[in-house]
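One structure is given below, encoded as structure tokens.
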Amino acid sequence: MGKYIVRRLLMMIPTFLGATFIIFTLAFTMPGDPLAGRCGQKPCPQNYVDWFRSFYGLDKPFIVQYLVYLGHLFTGNLGISNYTRNTVVHELAIRYPTTLKLALIAVLCEIIIGVTAGIVAGIRRGGFIDALVTVSTLVVIAIPVFVLGGLSQFAILKFNLNSIIPVTSNGSWRSLILPGVVLGSLYVAYVARLTRTNLVENLRADYVRTAYAKGMMPARAIGLHAMRNSLIPSITYVGASLGALMGGAIITERIFNINGVGSLIYRSINQRDGTTLVGAVLVIVVIYMVMTLVVDILYGYLDPRIGHE
Amino acid sequence: MADYDHLLDVRDLHVEFRMRTGIAKAINGVSFYLDEKETLAILGESGSGKSVTAQAIMGILDSPPGFVTGGEVLFQGVDMLKMSRKQRAAMRGPKISMIFQDALSALNPVFPVGWQIAEMFRIHHKTNSSDAMKAAISLMEQVRIPAARQRFKAYPHQFSGGMRQRIMIAMAIALDPWILIADEPTTALDVTVQAQIMALLKELQDEHDMGLILITHDLGVVANVADRIAVMYAGRLVETAPVVDVYGQPRHPYTIGLLESVPRLDTKLGGVLPAIGGLPPNLLAMPSGCPFNPRCRFAVDQCRQGTPPPLESLDAKGTRFAACWRVADTAVVDWRVDEPVPDERVDDMGVDDEIGGWL
Amino acid sequence: MSEPIDPVSSVPDGAQDGLKPLAMPSITRRSLLLPKAPPPDGGVTSAGSAGEKPRSLGRDAWDEMRHRPMFWVAGALVLLFLLIAVFPQLFTAKDPTACSLDMSRLPPRPGAIFGNDFQGCDIYARTIYGARASILVGIFTALLAALLGGSLGTLAGYLGGWVDAVLARLADIFFSIPMLLGAIVFMAFMPLPPSAGMPQAVARIVIVLALFNWPNIFRLMRASVMQVKPQEYVLAARALGAGPGRLAMSHIVPNAMTPLIVVSTIDLGGYITTEAALSFLGIGLPSTVVSWGRDISNASGLGLIRNAPFMLLFPAAALCLAVLAFILLGDIVRDALDPKAR
Amino acid sequence: MKTTKVAVAGALCAAFALTLSACSGNNTTTPSTDTGSTTATAAATSITVRGCTPQNPLLGTDTSEVCGGNPLDASEAKLVHYNTDNAAPEMDIAQSIDSTDATNWTVKLNQGYKFQDGTEVKAKNFVDAWNWGAACDNAQINSYFFAMIDGFNDPTGDGCNTAATMSGLTVVDDYTFTIKTNAPTSNLVVRLGYTAFAPQPDAFFADTSQGKTDFAKTPIAAGPYQIVTNDDTQIVLKKFADYSGKYPGSVDQVTFKIYNDTSAAYNDVVANNLDLTDVIPSDQLVGDIWKTDLVNSDGSPRWGTANTGVIQVLSFSPASIDPQLADIRMRQAISMGFDRSAVTSTIFNNARTPATGWVSPVVDGYKAGACGDNCTFNPQQAKTLYDAAGGYKGTFYIWVNGDGGHDPWATAVCNQLKTNLGMDCAVKDTPDFATLRQLITSRDKSLTGMFRGGWQMDYPSIENFLTPIYATGASSNDTDYSNPQFDSLLKQAAAATDASQANSLYQQAEAILGQDLPTMPLWYQNSQFGFSTKVKSVKMTPFSTFDFSSVVLN
């Protein structure tokens, strides 16, 4: 196990370096000048331009910029945002709690709604609820989040529920409910389908028949034997989705005015704030890779057949 | 001893599968019985309904699509089909239990094997976990799993095929059942292991005084362990008789075919091994008349139309039965003599890969 | 007892090297492929095994699908959308770009069944003409991703060794960057030249989406090829002297194609959604191209939703329906090809 | 978003509060002691206002956009304060600013004016702050605002002073200093209300951090509100108890909540989660839906509008990029070829007013109709001129930044040009404002047709709408417009000591634009704002900022 983790961690290094290089290249060779719109309709004074370029290291050749960046990276220094002049670490640190809250709400939806719907549909396979779940999840998957977001805001405003479920967020738990649900809806649909598919498959598994042959009532045969197996993919999926959600949600955060990592990224692209962009993306990539590893380990833990030797 | 004729009495059992493509009548009026400590072998190709019969007796048919549509399954004189689900479940384990062909998939992959054995005590006797564990370890020792205590916590995939089947067996005999149904217990195993498992089964049968229903297509296995044989074809019982009688003079053409296709020491080297030509019928589109007629070299017009022949007694003792219009003719066939292979015979054994298993 | 007891035996049904990352459903991006239980053998979807008996399976699958009304619904919808994309003029005589402010936000009525949008354009005509860009993006992205991921996956799976290692890492890199994020950055990196028309605009999105989605197909194909490669008929072909190129093209690839096609069909719906999302953010198709994403974006301000919901409703419904048609079709085909799900 | 961008388009200055109403005399101190004293006794009153993330440190010389500008303006006091109704300059810290030749100026300060750290505002606080802000070494965004001061040494045209000080500034005593401009600058007084001219306390100069960023986190100024906390979610301003000026705030605390998106702020105001928003998303203007959202239970409005010093234009590409537009008839045809009022009424729901010239109506010197017939919708004549000019070959592009919500009106203009002139018109949207600006400033060859420009005045003067944009070689002269006659009129106007004489010269210059049509005026912008049920008497200044002296709680 230890060996496996070390090996996986080692394999992350080239991935990480590759991702840094790609993102860095994109971010710092992106057409557009961070100074172009900075002084409004007027061009920025040259002294400001010169200062700006040297302060953020933009006057150096690209490859030097990259190496300097990497050097700083190993000391945990992600650089300084050229938009707010805060450190990128600070920019991320103040946004992560919000992004995390949002991710947790979405994940909670996945677990509560998605898994439940999947189980009910799987057990009542072919029944009305199954059809309902199958069709509604497909529809949810087909509706883009920006349509869903707009419609949900509209519905809340229409029924004057804004004071209970705010349609925009100030970072509090309550104000993140609606965006969390909207963001989670796609994942809920996936989880429901995943759970259903696996449950249906497992309900027909030989060992469930064995469980009946051992004299179990359906409650135990399904509730324990089939479920234990069926939920493994769902649980690991939820874990993986948490990793993805922690990368922020650009569109959802925009629609609901959430000051999270997604909006930070969008802003940094628009403002040509390369340092922040690279920093944020790298953190996302690392989180994603680590979560993938965690999920794999979790998988091995939940399913004894998977060995990591 | 008791107010019932047989330990298990299956009477006119009907099972059908209701699928989108139609209704498949998987079992059509199957009747047989099993006495205490007796071993009954149910023979047949895949799809002949032998596993479905076993599952119907156990009450573990996948339903839907499978439904028992008629008949009785009397255990010690009580019809299990009339029991409530709960009563039925309580039967499974202490009264009847079953082992399956593929122990790997029949065992839950995510629970330790010991736990799965112990579960029998916990669900039926509400035994506490440490007692159940002790009992399970003793069972594992009984089925000769080495280092049982250490392997209690191992998972199914960590065992070899034979060991897994032993665990299945341990689980099945845990509550000392009256009847053990073994559904092709050795098919998936190596030949040497097959013998060991059969020996173990036999031994445990004696030890526990169990009736054994052995579902198989392996005639070699049958000859050694079975008391009686029931041959199934296309959801019907076509012949049933004490094992010696069947081997001595099979009376149904299908049984004859089966026996002929077993390689024997006296089979000529380089000769073609006889096989039953054709394929088993599609349950959704049964041929009229005797279901076996398209593949039967004895078939006459009577076999090709009308109702299938009923299972009729062939002797006064009432131990031999066959379902064939031409039992009179089959009685004189010397099936042990190599005959010229009729045209319709093919030597393609690959048509049904399961048949290949017992070659 | 003569049976060997192997203390830790491997999973019997397969190659579990414990090394490959599990085929966890990737979520941020990609596919609307509803993941099966991630198989322990790291990446072969259950449809992967389908390759072994393509013919009878194909027949079976067809028989299975034929009886499902949803198959016909989805198939008809897909055909309808394709027809609309190719010949929009068959469905409307109006010019989607002929707009007059006098008609701004007029509700649906006879003669303009979907109403008029903010600019006074006919929403029905725009919805019809909007299909083209979306469907083009979907189809070409699916094709490009399949081509890129498929060929690289075949190479990696067939050659193995360092080629595999390098390609797998490359795939990991692109896999670890969420698609929408990657697309936004790339769009900013690769601005549309001012003279660009619709073909270039579509091509740009296709390239960007395919760039971040090929690892999906790559993994699938690689696993399929690895699974097919040791099969006996491949060994036999090799023994008969088939060269590696011929072997790959005539034996391995056709057998690994089924899962690829299924996944690509399902992904296609996802690409359409992503294109709409990019256009929604204002960085996808330019406003000169009539597209659902743009129209939805233009209609999705809260004030507009409340004033003229039909502006949002119709293009959004068309978008959802198109996405739904593709994923439904893919889903049904996948189910039909997967004997386990039947 | 849109208004933010518009506002980014120009340095924003703002005024602070006018005590009670416009009828208060300039020198009349109206001590609102009641409001001042309640701070300690009554429950603290507090309001929240939409804010956005400042781009730069909160320094007057380094802030050129609304996000930093709005909180800064509430905290600063300057020599001159702009009237919240008509933007006219009024003396604030300055007691008087006098000159006889529009070149040598004497500034006398009011005594006893306090910074928020208790120190007194003295002449050197101005002179040192200005010298610091102008110096190249300090790389301030607004350094070029000091360019009219004598001794501003800028040999390379970088827009900053290469020396540490400017000889034109002299401290006479604690309360007097002199300014010498390097050319006659008749509107100097108007300019001095701009945020770059704010004084800085000693604490500012004591700060040793690079770019004074430590100080700038919670800067100390002399205005009615003090910035007490400043983080990424909000900027909190508390009323300065010892405020010395004539424009005190009303409520005790003003919190700028940071929003990424104006519709979020709008929704929060509707839901009473936010007290003031200075921007109504354009989609909420449709069908006047915002007016139905924003009403009190008694039916009184929770919204308002204000004229602001913002004008939108479409600039014709310089002839060097698009020679087809060199023909004045072509430009006239385009300008006459679409109906401004149809666009403002349909697309903007009258939140814009069709422009008749290049100068915002809110400033002194505004005169309607400078554009004349050239800005009047006349499809027949437009078509005639268009055909006479030979028609436009190829596709005519209207360039806007895609992130500013400009697409709807640009599309509407385009559609009209298509219909009325028969030209092949298309809207090009760049991904963002920065990209558009870069295409413009680099004179990118692809930038044919017209591109969008929004100008928000720095200071309320007609001059600010002409000189920086249309003078030959001016910093924001995106169209490379050059007319010697125009330039000379601007020079004469700057040298005029009499305001009305200056205005008339500027108006003559504007009339030349009406003939040359380097850009095509579209409309003047009005600001819409909304407020919660908690507050009343909300007023917006011509700079699109809230007048915090007037806001009161219900």
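Letters are used for the chains, namely A, B, C and D, taken in the order the chains are written, and counting of residues starts over at 1 for each.
Definition applied: a residue touches a chain if its C-beta (ideal position, glycine included) is under 8 Å from a C-beta of that chain, and two chains touch if they have at least 3 such contacts.
Nothing here was measured: the structure is a model prediction, and the numbers come from that model.
Chemist: Which interface, named by its two chains, has the most contact pairs?
Modeler: A-C
Chemist: Of the chains shown, whose Cα mean is nearest the mean of all protein Cα atoms?
Modeler: A
Chemist: Between chain A and chain C, what's the gap in Å when you average each chain's C-alpha atoms?
Modeler: Distance between chain centres, rounded to whole Å: 20 Å.
Chemist: If you average the CA atoms of chain B and of chain C, how many Å lie between those two points?
Modeler: 48
Chemist: Distance from the CA centroid of chain A to that of chain D, rounded to the nearest Å?
Modeler: Going by mean C-alpha positions, chain A sits 40 Å from chain D.
Chemist: Report the inter-chain centroid distance for chain A and chain B in whole angstrom, where each centroid is the mean of the CA atoms.
Modeler: For chain A versus chain B, the centre distance works out to 53 Å.
Chemist: Residues of chain A that contact two or more other chains, please.
Modeler: As it turns out, chain A has residues touching two or more other chains at 31-32, 153, 157, 232, 254, 303, 305.
Chemist: Residues of chain B that touch two or more other chains: which are they?
Modeler: Residues 157 of chain B touch two or more partner chains.
Chemist: Got the chain D residues that touch at least 2 other chains?
Modeler: If we look for residues of chain D contacting two or more partner chains, we find 263, 267, 403, 431, 435.
Chemist: Contact residues on chain A for chain B in the complex?
Modeler: 126, 204-207, 209-217, 220, 225, 228-229, 232, 302-305
Chemist: Show me the residue ranges of chain C that touch chain D in the complex, using the header's touch definition.
Modeler: My answer: residues 97, 99-101, 104-105, 118-120, 187-188, 191, 193-195, 282-283, 286-288, 298, 301-304, 306-308.
Chemist: Which stretch or stretches of chain A touch chain C in the complex?
Modeler: 4, 7-8, 11, 14-15, 18-19, 22-23, 26-27, 29-32, 138-139, 141-147, 150-151, 153-154, 157-158, 187, 190, 193-194, 197-198, 200-201, 232-233, 236-237, 240-241, 244, 247, 250-251, 254, 265-266, 269, 277, 281, 284-285, 288-289, 292, 295-296, 299, 303, 305-309
Chemist: Mind pulling up the chain D residues that touch chain C in the complex?
Modeler: So the residues of chain D in touch with chain C come to 263, 267, 281-287, 289-290, 339, 342-343, 346-347, 397, 402-403, 407-408, 411-412, 415-416, 419, 426-431, 435, 446-448.
Chemist: Under the touch definition given earlier, write down the residues of chain B that touch chain A in their complex.
Modeler: Touching chain A from chain B are residues 55, 58-60, 62, 64, 85-86, 89-94, 97-98, 100, 102, 105-111, 119-120, 123-124, 155, 157, 168, 171.
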